[in-house]
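Every chain is named by a letter (A, B and C) in the order it is written, and numbering of its residues begins at 1.
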Amino acid sequence: MSASLPRRRSGLRRGFYRFRQSVLSMAGLAVVMVLLLVAVCGPWIAPYPQDLSGAVHTAIRFQPPGPAHWFGTNELGQDVFSLVLAGTRISLLSGIAVVAIGSAVGVLIGAVAGFFGGLIDDGLMRLVDLVLTIPSLILAMAVAAALGPGIVNMIAAIALSWWPGYARLVRAEVMAKKNEAFVVASTAAGAGVVRLLWRHILPNVLSPVIVKMSLDVGFAVLTVASLGFIGIGVRPPAAEWGTLLAVARGNIPDYWWTAIFPGLAIFLAVFAFNLLGDGLRDLLDPKARR
Amino acid sequence: MSEPLLRIADLHLAMRSFDGEAHVLNGIELTVRAGEIWGVVGETGCGKSLTGLSVSRLVPSPPARYLSGQILLEGRDLLRATEAEMRALRGRRVGMIFQDPTTNLNPLFSIGTQLIDVALHAARHSPDILDDAPRGRRRRAARALAVRMLEKVGIRDAAVRIDDYPHQFSGGMRQRVLIAMALIGRPRLLVADEPTTALDVSVQAQILQLIYDLVRERGLGVMFITHNLAVVAELCSHVAVMYAGNVVESGDVRAVLKSPAHPYTRALLAAVPVAGTRRGSLAGLPGTVPSLIDPPPGCRFASRCASAGPDCLGGKPPMVPLGETHQAACLRLTSGAG
Amino acid sequence: MLVFIVRRVLLLIPVMVGLTLLVFAITRLLPGDPARLAAGPNASPEQIQQIAREFGLDRSLPAQYWAYATGLLRGDWGMSIYSRRPVLQDLEAYLPATLELVLAAMGLAVALGIPLGLLAAAQRNRWPDMLTSVVSLGAISMPRFFLGLLFQLCFAMALGWLPLGGRFPLGEDLPARVSGLLTIDALLAGDLHAFGVALQYLTLPAVAMSLSPLATIVRMMRASTIEVLHQDYVTTERALGLSRRLILLKYVLKNAVSATLTVIGLYFGWLLGGTVLVETVFDWPGIGLYATSAVLTQDFMPIVGVTLCIGTLFVVGNLLIDIAIAQLNPRARLR
């Protein structure tokens, strides 16, 4: 045991080294940091905060990008830059919330299924298979349509289709770890089930879960924007990237800036999270390291 | 004497890793003649597999790098051959068998497909393998040859089973198929890297017998890589003992096993349990193999050697001839009595 | 093989039952009055009551499910509030367009993704590989609706090369309907002009839709090829003299494709989900566009119908992938 410790640490150090070496992962991390910062203080740094609460300036409709309005103005004369900045908060917050809820539910269900096995496992895994048969966007659409519009309903709808992946992952890891020596030893020593799961098994399945979460945030942001684009979820005037894009569809090609910038914002956020997730996977998941 | 089949002379190989460059082969010397079965023994990581792979130049480079030395196959230096020239030799002059029969056959292709492709490759350079069959009939000839080879290695109903997939065979049967594959191109040298280690003990003996019979029948030279001295004693005519990238002792198998001269060989022999060994009297070797990244100067075994002295760290000990073929690299050679 | 297929098809039955259960749960168990949802936002209380009676919402849940499931079998998939037509009839009209789009996109993704991934793996860590990795991750990150919009902006509006949207020009004669897939029907009718026109309309949406699965397949194919290249049997094949080309294009390819197919099955849903977005952007008259317009008018039953329909497509698609894997891998047939 003692001999394997330094090696493990040096493996981690090697991972960090590789992560730093990887320009792309670092770029992804930097963009994610900036986006998070914007998400926190977006409404305060927006140059035209009154536009965010639905102010209309008919005199300056469809101004092209320029010094006064970096991203131009939209059909209501609102500053597109301010809207995109404000949209960061909604998109990122919803994306992170979806992954947080989805992973929490999934980890719990997966741990229970993997640990108890038998009928409980069979039942839960059939449910997982079933939910996975409906593509998440479609399932979220149906659930959101049943729940009605609103940001909370949208998050719930997406999270409902998001947990099965985690359940599968954690179940497999728990099943694998369950029979390892140290877990068997603590069972023999009389550790309670909850304690065993919490203290011994969960910490061991954490790193694949974190990798999956970091890879998933990008897709969750994408799904949120997709639902916004279809017209479910956030309603104007609340600025959400997908919704902005949906409205702007009617303005192209003459007023292309109303569409390009929200679209680029979605792309940038998803790409940054994916780069970061890829880097983290290389760092934390030795199996994927090649 | 005639030209040896294989002569490895002063082969040095370095392997780059995250922590630095390891000097993994440190002047290997080995000569195999037709008809000789050489056992190459040593602990894991001593470089015996790398030596075997080097004969077919299969060590990936980078990270590996040959520093110096020669590998002469029938007088031709393989380290100077082009990849195309090497390819012409693989399977046709040198056959290889590896350890695990479950992973060395491609699971998605019938064994026939794999055998036929090897035969067709070998026949491109030596058409006599397929009895000089004309182009259009080569595939059929290769198939017939594959069936004959399968029968030869003891697969029953070979004409039917040739279309089966690897998973339809047992481990021992798969190793027989791999032996057929290694020999279908009529190589003159066979490199077998622990071919029986992954098999059940009962099957091991059969496979060893099969290899022995085929090798004798065809007069092949063999490099049989193993860590099992009992197998060496049973099968081999000669043995080379390797330690940390060096051949420390080599020669006729009886001479080496009966009167081992190098302290490492003696330690290795002492670690083999024989009938009547009392529990607890098994002599393990103290210490570990030195790091090959910055190896200590001199004899690489010195750090674990009971009889080492300061002079052992002075330089690499030279090979000292002890008999007709028997030689060992040590400054404190003792006679076999020890 | 036949036994394998038959067994797999029989296994679909419980899955389909589960699927209907899930969709039933969405309609009945979630908060929100199903009758109100089915009646639409502008319904009067009397209408809602009448729908509740029609749906038998006063009965027990198992009884309701039984009525629902047998209704599905009889072809009763509910009624669209908006068009006042049975949902099933609408789905039949719109499904071929979606199938055509999905098949074209998937075909494109597989046909390009497998060679590209193999190439990237063979060129591993050199610049073509690096470039492929970054570009494919970028393509995965690209929202398909935004990509579609960019395509329209560039190829339809600025350059005028391809039509902006829709599936076929209004004035022209459609080829005789056989499969409902316009390109195929045009070819069957021997009408090359119509085929060309249909292809023009199909190109932009299919490319927009295929890009992210294409990138996914490239990444999967690259990863599994690298994995396969590390296998012992590749060393054996090299040690016995087989050429790099033969090893890569015959022995490695089959293994890598078989591994990639398994993953493609998992991402097939992602592709199907995207049809909603791409159809919306390009006004492609498929079930996705149908569902989106239903969302905007809060027309509940079409959404449920599309969900069921796409779930079925997903299950069938995965079945086909399983069969393809079994075709490649003799061991998979045993499972």
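What we mean here is this: contacts are C-beta pairs under 8 Å (C-beta built on N, C-alpha and C of every residue); 3 or more make two chains touch, one makes a residue touch a chain.
Model, not experiment: these values are computed from the prediction.
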Original post:
What is the chain whose Cα centroid lies farthest from the Cα centroid of chain C?
Top reply: B
Subject >> Comparison of A-C and B-C (more C-beta pairs in contact) >> reply: A-C
Original post:
Quick one: chain B and chain C, Cα centre-to-centre, how many Å?
Top reply: 53
Original post:
Per the centroid of Cα atoms for each chain, what is the distance between chain A and chain C, given in Å?
Top reply: 23
Subject >> chain C residues within the chain A interface of the complex >> reply: 15, 18-19, 21-23, 26-27, 30-32, 37, 134, 137-138, 140-143, 145-146, 149-150, 152-153, 157-158, 223, 226-227, 269-270, 272-274, 276-277, 280-281, 291-292, 294-296, 298, 300, 303-304, 306-307, 310-311, 314-315
Subject >> Residue numbers on chain B that touch chain C, as the complex places them >> reply: 56, 58, 87-92, 94-96, 98, 100, 103-109, 114, 117-118, 121-122, 165, 167, 178, 181-182, 185
Subject >> Partner chain C, residues of chain A touching it in the complex >> reply: 24, 126, 129-139, 141-143, 145-148, 218, 222, 225-226, 229-232, 242, 245, 249, 252-253, 256, 259, 263, 266-267, 270-271, 274-275, 278, 290
Subject >> List of chain C residues in touch with chain B within their complex >> reply: 231-233, 235-243, 246, 250-251, 254-255, 258, 328-331
